[in-house]
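Down below are the structures I want you to see.
The two complexes that follow have chain A in common; it is paired with chain B in the first and with chain C in the second.
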Partner chain A sequence: MSNFSVAFRTTGSVTILALNGELDAHTAPELESAIQHCKNEGAYNIIVSGAQLDYISSAGLGVFMAFIEEFRTLGGDIKIAALQPKVFNVFDLLGFPLIFSIAETEEAAVEMFSKGTTHN
Partner chain B sequence: MTATIHTLAIPSATRYLKDVRRFILRHARKAQLPDDAIEALQLAVDEACTNIIEHAYGGSTKHKVDIAIIVDPTRVMVRIRDRGQPFDQQSYIAPNVVALTRQGQAGGLGVHIIRKLMDQVEYLSEGRTNEIRLTKYRTH
Partner chain C sequence: MSRISIKRVFSTPLTRFWRGVLIAVFLVLFSGTTVYYLLTGTADRPPELASIGFQFVLLACYGILWLLISDWLEAKRAAPAQAFWHVLVAGAVAAVLCLGVLLIPGAFTEPGQPATVTVYIKSALLAVVVIGFCFILVLRFRDLVRFRRTKKGERNWKLLLVFMLLSTSVGFAAEGALPVLIQSIFTVSTILPALALITINVFRISWIVHMPARQKAFVVLLGLLVLGGLTGVWGLPADAPISLHPDVLAPYLIYYSIPLFIFVLLSLVFGLLYTLSSVLSLIFHLPTSEDFRRSVDEIAAMQSLTALVREAVDFDKLAARIVATPVEAGRANAAWLAILEYESGSLDPKIVATHKISAEKAGTFFNTSALYNEVAGSREPVVLQHVAADHRVAKAVGKETQSLVVAPLSAHTEVLGALFVTREVAHGFQQDDLEAIRMFAAQATLAIENARLFESKIERERLARELGIAREVQQRLLPQSLPQLDYMSLAASSESAYEVGGDYYDILQLESGKFAFIVADVSGKGTSAAFYMAEMQGIFQSVANITPDPCQFLHHANQALGNSLEKNVFVSAIYGLVDYTREELVLARAGHCPAAIVNTGGQARLLRSRGIGMGLDRHELFGNTLEVEHHEFQPGDVVVLYTDGVVESRNAVGEEFGYERLIAAIQRHRHESAQALHDLLLLELNEFRGEQDTYEDDRTLLIMKWHGASPRPKTKQRPSNTASP
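The block that comes next holds the complex of A and B.
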């Protein structure tokens, strides 16, 4: 049984992917499929919510690295929200706050989309 | 206090990474490492095992990864052994995360994370066996 899952929600033009569990080299393909699914559906405004994400390794970070530029080129973005401190620390360790929009809450991330705030 | 050693052997498949993290958590807690050091050790060991599974063994799940956690009064060291392709640390270049992201490229971050999180990282090879030693010193 997998120790990771993704739940989809939609609010306005934004799709929220709520992550649950542990994201490592074994479970990263599930996140990859979820984001690929959004892309196939033409949902380019994505918020990845980490409130229930207990762990991330570089395999999980790699999924974001692989997709972010493509979503921005398509006129959307992948924003990251509500990370637990220990998970945020891993993003921070590699300088991800310079590349990704990381919001403290899902609401703040939705707000960024409505204001058209991009990171670079 | 003398050194204590606990060992775990896993097949070379990523599905066992969570078991490795549980093993490190259990023994690092027993060793009374602070939470941030335990989290760093779990992540560094995960990254090292992932690299062994995906690179040293090229994704083949028929091999074995041997993990040992050694606790003494000054440090906690995790020793990981495999019999796959050795890691060439001479030709390793730290990744430029911004540039990789712009190119939509993933990966290459594991070794970078390990070096950032650990106090000491050593690579050894003897015969066909490769060994990486990840050390976190106790701070008093």
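The block that comes next holds the complex of A and C.
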């Protein structure tokens, strides 16, 4: 039924969550539990890849906000990568690029981790 | 007075008047016939023709007696047991009276010899007692025969009475008034049918079926006493002058009237046979009556449970009824009900009601969870015929619970719980018990589901009312009317996806002559968003007047919201000021959709200044990154503010309305008034969306159209406004 899914991948110390479909109020809990899972596993370096993400609502954006502070306190980060233009526009309008590291590609995001660049 | 009519006289109950008349007539006829005999034929039999007439008068006399007794008994209709009791009492009274009459000195000296006066008086008295008893016997058994009335049954009973009456004609013949051949024809054509009808009627004993078992035993006893009384008279001495032996009584009756004697004989045969058939049937019914009672109880128990399905009752009452049913139906000695907690969603069933056993005992002796899980899995009852041998039963299990059946309450999609029933003997449950218990469980399931549906319906209605109120309150938080301005016209609307939403717009005329406007969108939808929307309204109404500057206002708002917003909730907003004197628009954007400005020439601009949503950063970043945008008004400029519900509205194939369509639409309708432009934009949006009744997201639209500073001074305008730089 749900047209949203999260796929896990690991590259070195970085966990990549590849989103697929539409992230809205109904599907947000799935991403929430996925990130929660990473946190429980001690994977604090996360890249959320949006190559297959077709839509995001404000409730979907809220998921990132719910975790970012905590991950940064734990020494990790949530970076966002490979967003489609339309989805990026939503992130951009809200000013997410000022808070999150948003990379054009997953590789670029991974590189950011290896260089140790974080926001703020 | 009342008209005399046969029907009036013979229909019971008799009126007081006619009862009196009949009693009088009976007494006159009875004494009259006796006196007539005394005067005419005490020494010998009266002449034959006179005798036939005399017998008719006698029959009429006793016909009246029948009517009187019938009327008397009608007034006190008897239950089956009482009928036998009445017959027994009447028999005893009759026996005592007969003995009393026989005590009068004077007897038949020799057969065939002329009788004395006393013999005739004795005959008359004995006749009235014996016939009276026979009437009571027949009339009381009539109530039993007609217990369950059918057309055929009624006919048979009437025919019996008719043929018994006709049989008396044999008596006329016996008086020697008719030839032998006719006498034989009379005998065959009346007595035989009467006997046949007696046989038919004595098998009408349907009252037995409805009698409780204990009462049956009692009626058997009464019936045996009646039988003993009726047949016992033969055991009495036949040669003693004072005896109830038929040989002693019969000569008196025969002497008095042969037709009546025949009636007495037939009545006694009927009474005897009816009592006999009743007693025998009762005896045969006794062993099965327990089963019959059980099935009657079962139907009653089922009915009381079924009644609960229909009415809305509180759950405790329903549960109590469910556990009482198998016990009342005689299918168990104790029962209890364990169900899954409806609200908490717990997977552990809880005992909610017990009958004839304490919840504590039931819970300690039996592993409710394990037994429930088994029946929930298989959806079939579990039968433990010998509980002591089962590992789910405590060793210390009581004597009163030796066998157990656990029936699942199996609803369409889930198993609601289980009904536990026990018996105090091992192997206490037979196949029919299991079927009955299965049926109880099915009924219980239905009742519980029904009760829950009702409950949730009530709850839904309550919530709908609450949301309706919330919606009204929220509507009042939005401007009830927009200010009427000379230099600018305004139009706005907001629609929630649900009853309440997170969109907000407002206009506030400031003391400085400027006015402040805001369009905000709380992330998410529904109730939680609505609360933050209300907070936003409070902030706008209070802060905008004090610090109208866009950057300062949004900074304050961000701080205020930061204290209450959840981590994953944020508010995007556009806040701005319209300065009439400077013909200028100043606004700042906190993560909100950019404002669209279209001038008269159709040139469009999206004011996309920097700024992050409120609540996303609660420190310096928010203020540091916020930019202000200026726009100098030209007459005909249209400013369109909106929430993402507008641009993200989708059509049937999933396409978004988007910025291009929005701007194109504004450009097309830029010459319209603010209200017309607002309406046309919504119309285009709805046409794009197609046949959808509701919005998938809250949407708000605010249109401002600049007409230009009027050359006339504003009526409300203060001199200081124009003077200020």
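Definition applied: the second predicted complex is superposed on the first by the 120 of 120 C-alpha atoms of A that agree within 3 Å, B and C clash if a C-alpha of one lies under 4 Å from a C-alpha of the other, contacts with A are read in each partner's own complex, and residues count from 1 in each chain.
Please note the rule applied: a residue touches a chain if its C-beta (ideal position, glycine included) is under 8 Å from a C-beta of that chain, and two chains touch if they have at least 3 such contacts.
Remember, it's a predicted structure, so these values are computed and weren't measured experimentally.
Q: Based on the shared chain A superposition, would you classify chain B and chain C as clashing or fitting together?
A: clash
Q: Touch test for A:Ala34: chain B only (first), chain C only (second), both, or neither?
A: Once the two structures are laid over each other on A, A:Ala34 reaches no partner at all.
Q: Where does A:Leu17 make contact in the superposed view: on chain B (first), on chain C (second), on both, or on neither?
A: neither
Q: Taking the superposition on A as described, I'd like to know which of chain B and chain C A:Glu69 touches: first, second, both or neither.
A: both
Q: Per the contact definition in the header, classify A:Leu94: touching chain B only (first), chain C only (second), both, or neither.
A: both
Q: Look at A:Leu61 in the shared chain and tell me whether it touches chain B only, chain C only, both, or neither; answer first, second, both or neither.
A: After superposing on A, A:Leu61 lies in contact with both chain B and chain C.
Q: Based on the superposed arrangement, let me know which partner A:Asn3 touches: chain B (first), chain C (second), both, or neither?
A: Only chain B; A:Asn3 stays clear of chain C.
Q: With both complexes superposed on chain A, which partner does A:Ala25 reach: first (chain B), second (chain C), both or neither?
A: Once the two structures are laid over each other on A, A:Ala25 reaches both partners.
Q: With both structures placed on chain A, which of the two partners, chain B or chain C, ends up touching more residues of chain A?
A: B
Q: After superposing on chain A, check 3-11, 111-119 or 525-533 and name the one in chain C that bumps into chain B.
A: Among 3-11, 111-119 or 525-533, the clash with chain B belongs to 525-533.
Q: Can you list the residues of chain A that meet both chain B and chain C?
A: Of chain A, residues 25, 57-59, 61-63, 65-66, 69, 86, 90, 93-96, 98-99 contact chain B in one complex and chain C in the other.
Q: Touching chain B in the complex: which residues of chain A?
A: Those residues of chain A that touch chain B are 3, 22, 24-26, 55, 57-59, 61-63, 65-70, 86, 89-90, 93-96, 98-99.
Q: Okay, in this complex, where on chain A does chain C touch?
A: 25, 57-59, 61-63, 65-66, 69, 86, 90, 93-96, 98-99, 120
Q: Sort out for me which residues of chain B touch chain A in the complex.
A: Chain B residues touching chain A: 13-15, 17-18, 21, 39, 42-43, 46-47, 50, 53-54, 97-98, 100-107, 109-110, 112-113, 116-117.
Q: What residues on chain C touch chain A, complex-wise?
A: Chain C reaches chain A through residues 521, 523-525, 566-570, 572, 590-594, 608, 610-613, 615-617, 621, 625, 644, 648, 656, 697.
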